[in-house]
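Pasting the structures here.
Shared chain: chain A. Partners: chain B in the first complex, chain C in the second.
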Partner chain A sequence: MVKSTPRALKLENLNILIDAVSQKYRTYGPVAKDGENAWEEVKADGELSLGCAATMLPAKHILQPVRLDLYSFKSSGGFQIEEPGFDEKIALFGVSPCDVNAILALDRVFGGRFVDPYYWQRRENALIVASNCTESAEESFCTSWDTGPELYSDYDLLITELADGYLLEVGSQRGKVVVNGLNLPGATQEDLKEKASRLDAARAATKKRLPVPPDDLHQLFEERYDHPIWVPNAEVCFSCGNCTFSCPTCFCFDIRDEVKPSRKEGVRNLEWDSCQLLEFAEVAHHANFRRLRIDRFKHRTIHKLSWMKQQYGLTGCVGCGRCVRWCPSWPVRRGRITSLADPVEIIADMLEPPEKVEGVERPGGVIV
Partner chain B sequence: MTANSNSNQKVKAAVFKFTCCAGCQFALLHFFDQQVETLELLDFVYFKMARRKELDEPYELAFIEGGVSAPEHIEQLKAIRKQAKTLVAFGACAAHGGVPAIKDWQTEIDVEERAYPDPLLVSSMKVSPVDEFVKVDHYLRGCPIDEVEFMEMIRSIAADKRPYVREHPVCLECKLKNNICILLMREGVQESMCLGPVTRGGCRVVCTSNMRACFGCRGPMSNPNIAEMVRTFKGKGFSGKDIEMRFTEYAGLSAEFREGARAYYERKAPYYKRKAA
Partner chain C sequence: MENPYIVEPAAITSIRQETDETKTYTLKFVERERTLQFTPGQFNMISLLGVGEGAFSITSSPLQKDDFEHTIRLVGNLTRAIDRLAQGDIVGVRGPYGTGWPIDSAKGKDIFIIAGGVGLAPLRGLINLIIERRNDFGVVEIMYGSRKPDELVFTSEYDKWRAAPNISLFLTVDEVPEGFEWTHGRGVVTNLLGLSKIDPANALAFVCGPEIMMRFVARSLTIRGLAEENIFVSLERRMECGMAKCGRCMLGRAYICTDGPVFSYPEVRSLPQNLLAASF
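Coming up: the complex of A and B.
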């Protein structure tokens, strides 16, 4: 992506920009739904609900739909494959900084050693209109990873809410094309100062922090892989997959063929999958690499917090707080009710000396 | 059970009803209207709700609807098993006993006295799922059965392959549909007693999409964490009776939900403690 060359503009209201974007792109944004925010198609400003409150599902389900027909196949006089293709242009309007960082991580996953064409047919032409967070959500800890509340680069357009309108920064040629015809006034020095002070306030309001620096996490999990605290944690885990589906950097999917009874034709489709489900790591003869709940719980935690960084060079946790919010299990830790999936709490668990954990057997001795 | 496209032979199917409300059969009638493919793949030689014809020809595929609740049912069931190449438990009652099995948790004579003038007139017994007596090849769960799953089932049977039935929890489908979480959001009210995290999905979350908690009609998922479900309900302030009733409502005869119904009384919820620093 183009490194940002900020060209700051002043925007009176979002409608002007939404209109301009939706003329060229199919536009999606966070919309209020049942008291929460969800990513849906948008047309006007009134429907948009920007702010730090994370949406239920992250925007990844627009770049990679939860269910997708990859291609249909037929064997009548030779084998034929027909791909539906995708020629629409997508715009993601109001992506928070943590989610932009998560999309960059997905880019590495789907564009690294193996390139996923189905992801890139949507991603390649996608316009990213990011939105800096001027307030902080209770569950978020983005400042610990430096994935928010401010976005520094990798956007096409970036909006920041000000007292009297919005500051609009252009980060790429693609973004420039969208705003070119709008004749927007340039931003003043005061606007830029206001942006800085608002983001500083948001930074200060983000109270939740990782107890250790992110760089130390790999060593921590390596050393304490057999920490006894994994056992009581896994004991209260539902293995329902809520943490992984709502995670903006989770990318696992399942592929299967739907064959017609004639066995001559069918469709190959994709569906999201989760490492928390028992069947996920099952292979032939019902062998399973992660049959125990504790193994699945460990896998998700360590993959997000340490292995993904080793594998792809970008953090697998961006601190959005969705897993904290949507985990249905709320165990008592350190005298407080906490969310089981909360990375901050899990790391705090790991920091406790192993000999202090009472009443649990070593993993391997007990089937959880 | 092979019906290749070349032979263009339909699978001969029969629908049998035991103890249930016949709602799944009714759903099947509805599919005739919605899914023409049903009639292209199956030839119903016996289906009381749809046609007057008596059972007078052999069949390969048997759909068993409802649980077993009378001694004569067992003989009939065994005879069907002998005839059918493939036997499908059709609906929540056949798979887990369903709503009729609520009476299994009470003394038999109390239930009979409430319904009949003289209990000696009936030879009723505890309701059991079909697989207590005969081998079941496939299960179509839910109250009523799901259209998509049913189509996948009969397509697979016609193509002689194993049907693709995921064993994921209801939570998965709720998340993929961008629904809000009823268990978390609707605190303290009866409607928040959602069994989603332990119940098998595949129902396309009709209840939770309409802000109703999951009743667990499809029975337990693979490897459900029942003890944690009980602890969660308890933490939300529900009584032991509430928890027992929720677990026994549709699939109380499954080993896992039976555990949930009893867990409240039998052992403490698995809170864990740490030594003071």
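Coming up: the complex of A and C.
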């Protein structure tokens, strides 16, 4: 990855930039909604809620909508297919570093040998206005993965909040085009120093850490795939899918056909799905390759923390903490109430000596 | 940007009834002269627009250039709709996808082809390819089991297979209906290995069937002295895309659709959540 040479500018307020971006792009950002933050279209006067993985859902659904039309079809003897157009230029305004890293992982999933045009036509034209995190949420552990609180590359524009405005760094030609003509003053050495000290403070404030180095996870899960602690954990999993829907790197989907009553025309669409749901791996005759909750629980956990790295070379967990926050099951572990989905807690579970796990006489797979 | 989700229309040019529930469909692309380039063991995604799409192995030989075949058993919604199709009807096709049987490494070697039920489907193209290129390969023993005699597929080709030099076909079924004349084996397919004359030191095995059957076949073959890395199996999982995107067919770190469906036995043993897994 080429490290971009930042051109640092000083920005008085964000409205100037939102205005400039939304003239060229349909602009989405984290906006307060129903007591949470959501990725919504931002107008120039909109109030952004920037911050550490501030939104309930990550920005992935702007690039890969929850539901999208692959194509419409008409059949009469043979069939005709009509593809939807892609001409929208979108901007993601205020993406946190962890979420930018998650987008890089999605780039590999939807790229590769078979390039997914639905994702890539949006992605290719998208403007990434990233926002460094000057504070740290309790659930986040990005420093363990080096996916935050600071972003070093892969942005078009990067903002960092300062005491008297924002530092604005330009990371690409596309970003440059947006800020050209704004006549922004250059940032001073003091501004750059302030950025560094604020991000150091955010790093120091990120107390939550993986208990082992990321490179050791592969071996840990391989060796402890049958660790007895999976059993009590899976038994208190609701199999609701929150951890996967809120995960910025989860990408699984379903393809379904919707037909008009004539059955002669319809739409084939793609919709997010989750490996945590019972039906995910079900086939004909209700045979199910992942019927047991423990298998689904293990699959999600190990895929995020180990297998995705093996598949794509990038981590499947960026430490945003959304799964920690949105998991509805909070068992007591090590004397504390913890989020069941919390990767840090699960890894700590794995490190418990297997022989010390008590009361696991159940076969470990009775719960569907 | 090219769209790999788009299906191409292909017409059904003939249908052969294999069993009560299974038919072989010959397909030909409608809109252009296109030869499907594939290796036996690979699959296509077949669509009935408005019903759905599924992964089906290609069952013809790759040397059959004008058209290609799929052998499909009626098991669910999509296959029920496919079962109702007639000659001349159009389906949507995209593919081929996945890994095929490692034919190049089988050259000059003896080959076990071991299948259970409709698991013979992804191996049938290989058998016919071997017959067409008979001198490239050594002795071939096909060992095929099904539940009942009337569930055996590709029966119309058995005479041709038996007539080819150095190919043996051994059959076995779990149960024979009363009054049915059956001169072949009874019981599980591993029983047939006792009839083998192949030297495992210079052989490969290609296996497809239910996972539990493949587990025992692989074990029996290794006991006979076949090296684990010379055993290849074909797995199946639900798939939506065939292109390692939808995540559905994932088995540990492997995608059945692109890393498989044909895997070497040691590869499958290293993956979790399947009946051949080492930790099972």
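Basically, the second predicted complex is superposed on the first by the 352 of 368 C-alpha atoms of A that agree within 3 Å, B and C clash if a C-alpha of one lies under 4 Å from a C-alpha of the other, contacts with A are read in each partner's own complex, and residues count from 1 in each chain.
Simple rule for what comes next: contacts are C-beta pairs under 8 Å (C-beta built on N, C-alpha and C of every residue); 3 or more make two chains touch, one makes a residue touch a chain.
None of these values were measured; they are calculated from a predicted model.
Of the two partner chains placed by superposition, only chain C is touched by A:F110; chain B is not.
When the two structures are aligned on the shared chain, A:A281 is found in touch with chain C, with no touch to chain B.
By the touch criterion stated above, A:F238 is placed in contact with chain B alone, chain C being left untouched. Once chain A of one complex is fitted onto chain A of the other, the partner contacts of A:L192 are absent, as it touches neither chain B nor chain C.
In the superposition on chain A, A:V212 makes contact with neither chain B nor chain C.
Of the two partner chains placed around the shared chain by superposition, chain C is the only one that A:Q310 touches, whereas chain B remains out of contact. Looking at the shared chain after the overlay, A:V259 reaches both chain B and chain C.
When the two structures are aligned on the shared chain, A:P331 is found in touch with chain B, with no touch to chain C.
Within chain A, the residues touching chain B in one complex and chain C in the other are 256, 259, 263. Considering their complex, residues 70-71, 73, 75, 77-79, 81, 83, 109-110, 112-117, 120-121, 225-226, 251-257, 259, 263, 266, 268, 273, 275, 280-285, 289-290, 295, 298-299, 302-303, 306-307, 310-311 of chain A touch chain C. Residue ranges on chain A touching chain B, taken from their complex, read 33-36, 38-39, 56-57, 61, 66-67, 232, 235-242, 245-246, 256, 259-264, 272, 274, 277-279, 293, 325-326, 328-332, 334, 352, 356-360. Here chain C touches chain A in the complex through residues 1-7, 9, 30, 49-53, 75-77, 79, 90, 92, 237-238, 240-241, 243-248, 250, 252-253, 255, 258, 272-273, 279, going by the rule given at the top. Across the interface of their complex, chain A is touched by residues 3-5, 41, 155, 158-159, 161, 164, 166-169, 171-172, 175-176, 178-181, 183-185, 196-198, 211, 222-225, 227-229, 231-232, 235, 270-275, 277 of chain B.
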